[in-house]
Amino acid sequence: MRKVAVVGAGMTKFMRRAQETGKELAWQAAGMALDSCELTLKDVDCVVMGTAPDAFDMIHMKAEYLSDGAGAWRKPYMRGFLGGGTGVFVANQAWYHVASGLFDVCLVVAEEKMSSCLPHPQGAFVTCWDQFTESPLGTSLLWFFAWEMNRYMTAHGITEREIAQVSVKNKKNALDHPCAQLPAEITVDDVMNSEVMAWPVKRLDVSPTSDGAVALVFASEEVAKRITDKPVWVEGVGWCLDTMYIGQRDLYYPKYVEYAARMAYDMAGIKDPRAEIDIAEPYDPFSYKELHHAEGLLLCDKGEAVKLLVNGETQRTGRQPWCPSGGALGVGNAIAATGTMKVAEIFWQLRGEAGKRQVPGKPRKGVAQAWGDEMQVGTVIVLGV
Amino acid sequence: MPLDKVTQVAQTKPWHGDIPVYGQYTFGIAGERFFRDIKDKGRIMGAECAACNLVYVPPRIYCERCFGELAKWLEIPNRGVVHTFTVAHADLDGNRLKEPVVVALVKFDGVYGGLVHRLGEVEPDKVAIGMAVEMMLKPKAERTGSILDINYFRPIQA
Amino acid sequence: MQRRVAVIGIGYTPFRPISPDLSFKEMMFEAAQKAYEDAGVCPRHDIDAFVTCEEDFTHGRSIFNIHTPDNIGAVLKRIHTLPAESLYGLADAYMLINTGLVDVMAVESHSKASNMLTPNYLAAHAMDPVYNKPLSYNPYFIAGMEMSRYMHERGVTKEQCALISVKNKANALLNPQAAYGDQISVDDVLSSEMMFWPLSRLDMSSPADGGIVMVLACEEKAKILCHKPIWVIGVGWCSDAPSLETREWGEAVYARLAGEMAYRLAGIKHPGKEVDFAEVDDSFSYKELQHLEALKLCRSGQAGLMAEEGATQREGGFPVNVSGGSLGVGRLDEATGLQKVLEVVLQLRGEAGKRQLPNVKVGLAQSWRGIPANSGAVAILSKE
Amino acid sequence: MSEKVKVWPGTPLGEKDIKEKRILVTEWQPNLKYAWDTGIGYGKYFAELKKGRIVGTRCAKCRRVLLPARVFCEWCFRTVDEWVYLEDTGTVNTFSVAYTGTAAERLKEPRIPALIEIDGSHGVAIMHLISEIDPWKVKIGMRVRAVWKPEPEREGAITDIAYWKPI
């Protein structure tokens, strides 16, 4: 299989409301990514766009609209889509654009402008669920997370206070992220006392809605070695989608994440992810999700993630840091862009370029993961140096 | 044994729905400035890419061809030519228009791009590609900062 | 070196203006079941990855891929969605198989256009929200403007465009799957309701419902599983400037560049000679002519004359849209591109019934993303 | 990389910037309307709900009950074999006490959305709402029964069940 490397990354601030249009955000991130590896648009063979539902930007076929901002003018340009899992999936897609042998340099741009959706970006989700049997109930996005969190807590006897520590950790990590939207020093009590939105989900368990863009540059081995002495290799990719019928499966465990992770680990030759993975960026749109996903990523036994958290092993200075970036809870959740931000974070961490966020001990292998749809999608990428 | 298919029209029943959200869009960095200029000063501005030797209308903050940043803005004369046009006989709801609307892409001299708008003060069958037209703005008091601040383009009388 | 990739199975439901007997899920299932039967594969065991091509608002569901895996046998497997024309799905599968990660892959797309009650608003919703949307025009003005400029630049006449509608609707009469076959005359087209001058009602295709699934495989698997593999020898796709203001209005640049990419992969130097027939996008009559020129399947500015001479008729020297195209079959939303591929596969297999072309070896399928987009894809398929 | 970049792009706005018209915005009502074909499976599911019954299907190969009713088994990828009528009682699989509506608006009285495992389905759940109980007394594993709308008010929809109440 052809070797593929990530060679550049860029991103905009994550913001509740950006003045920039989606195109402008895309250009800002993409331009920065190209600058970072000293390539120009001429060097780019193809472009992959990652952006979640059109209902956020409120533009039908929004990838078409965004294409010039993403640098796709007169280039092969494709948009991959797996709901909230899109951000990591497009990295996988860029990998196969290059690994196929068709292209040498692929620019990935992930953009989201959720503030365009009124009365509130959450309203977009009511257009997601099954139109016949689910949406007519007035189904809210938060119900799903509340159900899953409740099921997860009940299955393993985990408490809300324990889960709250994810928010505390990630918002604190985000204090060191220059693009973060909601960095904060908060306590478990702050989380517990925050407004109940859909019990057991409280306001500080939830990531914000965001506008922002992130871009990555992928290159073939030959090009990567020519333009950088610090390529970060794509070692494994995986993606998997479970049935849409939510009542047909048990929410306490994300089997789809496990399947996607196994695909990626198999490809990367990873036998024991707990020992071999140095840093992880599991998707954390809600506090419990980081734990839930870490279990799916096989970074611990089922129900055990919370122990690693409570012991401090997942802190930036811990044995295996989770979400050293600050994650969706701290940096912001510009859906597709957030997944790609996680890939960018692993890229920066493995190159030792994460600044104040740098995880000590020269990490060599990292995994980024995103999740999406109706509690259905796992997308995973393993990077290494 | 497989289940029976739907075999009678009476058994069919659609389920109705819509998209119960709407869009609110900022104009962006370039759009904000472009429409403020139209609203307040009644002029069209373009943005130049020196590397590609292009002047963008509508102006942008980036060049779509080379990705360079466009910092230099310049005023564009409000006279242009019809690059292409159509005579629309149906409205957005699909209804027949009583008075057809001539929609055109108006290009300006030396400019990459142009503006899509309607033509006014002209019979549809008199319109031709290459026809010289000028921009007709709404009175300043009625301008809100929108593409609709331009009322229409009309032929320049020779 | 590229791995060889073949279409080893096809499945589709009839293309009809409405389809109230099936939900979209049941339609996807029917097409998938037929494709897997045709390929002799079990999706649960034999297929490594799936791709579906659906756009959210076309189907009225955001994150449409939520609703896809069950219907094509992809639960807990690799499956993703491209909110794109379905020919992009074929290209995507071509890439994935070429990585070596995947050996057998399914591509799905379907149309439930009849379920979308406000199609003008749908296309309008794709326009630039600041510069174009506030004008609130019927979005098909874009086709009128494009036709106008294309005719101006290439000296094509409205009569020549009308010939395309006449040809494709007549071709569709021999296609049992086509919804809009008819015997019409150039006068019928010219005298049909004027919509967006120069575009008349009969220059425009009408929507249809239908589902299509294809199974693709690498060479080793294709040779084991299939006695009539049809090889995908080239794919290409391209986006030109999306904005109405900076795009090219006369030439279909996206089709030219997508075509060049596909020809390069297929090792084709003289498309007009090496390709035997084509299914190109004909969402509007003039689009067929514009695309033939862009794809270098005729000399620049000659497409209209070629139509007049009858060269693109079923019996002509270079048959185009023998299936009936979108004008004759109906426009299948995102599935339109796969319908083009379907016809090419049927012709190359020799399974095209009464409309079978004699001695065809290489066929081309091309698609355009639709109003108001400015992008599209190309696939070249070969018997050998 | 993070170290090299001094200024990260992006121009954040506050809600006030828009409310007080400090920046230009434009709005668009998409006006997208649909009539989705219910087809065989959901067509029957709705017709039976109108009659006050919950219907699923069964796959003879994996023996699972599929709910809501559908005509093919996604796991075995084959058409199913029979309709099965289920009880209108069930067990709470998981639930929430929701103070927010679909567009994040705050509700005065919370709703209790739940996944309810329907009796006779061997643990397959449907999405619905619980009522007639203090929200903080709801428990996973609680037994509930459907409260149907009066027959004349039913339209063949999931909302023909008004809500579920504790047994």
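Each chain carries a letter (A, B, C and D) given by its place in the written order, and its residues are counted from 1.
The working rule: a residue touches a chain if its C-beta (ideal position, glycine included) is under 8 Å from a C-beta of that chain, and two chains touch if they have at least 3 such contacts.
Not measured: the values here are computed from a predicted model.
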- request: Kindly list the shared contact partners of chain A and chain D, in label order.
  value: B, C
Between the pairs C-D and B-C, the one where more C-beta pairs touch: B-C
Query: Quick one: chain A and chain B, Cα centre-to-centre, how many Å?
result: 36
Message: From the mean C-alpha coordinate of chain B to that of chain C, what's the distance rounded to whole Å?
response: 28
- prompt: Just how far, in Å, is the C-alpha centre of chain C from the one of chain A?
  reply: 33
Residue list for chain A, restricted to those that touch at least two other chains: 17-21, 55, 58-60, 68, 73, 116, 118-119, 123-127, 131-132, 243, 245
Message: Touching at least two other chains at once: which residues of chain C meet that condition?
response: 20-22, 57, 60, 69-70, 75, 115, 121-122, 125, 129-130, 134, 241, 243, 246
Statement: chain D residues touching 2+ other chains are 11, 13, 18, 23, 26-28, 30-40, 42-43, 46, 71, 74-75, 102-103, 157
Task: Could you classify the connectivity of these chains, where an edge means two chains touch, as line, ring, star, complete or other?
output: complete
Query: What does chain D use to touch chain C in their complex?
result: 26, 28, 30-43, 70-72, 74-77
Message: Give the list of chain A residues in touch with chain B in this complex.
response: 17-21, 23-24, 27, 30-31, 34, 40-42, 55, 58-59, 68-69, 71, 73, 115-119, 123-124, 126-127, 131-132, 135
- prompt: What does chain C use to touch chain B in their complex?
  reply: 20-22, 57, 60, 115, 120-121, 124, 129-132, 134-141, 143-149, 152, 193-199, 241, 243-246, 249
Query: Where on chain A is chain D touching in the complex?
result: 9-20, 25, 28-29, 32, 36, 58, 60, 118-120, 122-123, 125-126, 131-134, 136-140, 142-143, 146-148, 150-151, 154, 178-179, 195-201, 211-212, 243, 245-248, 251, 348, 351, 353-355, 357
Statement: In their shared complex, chain A is touched by residues of chain B numbered 15, 17, 19-32, 60-62, 64-67, 69
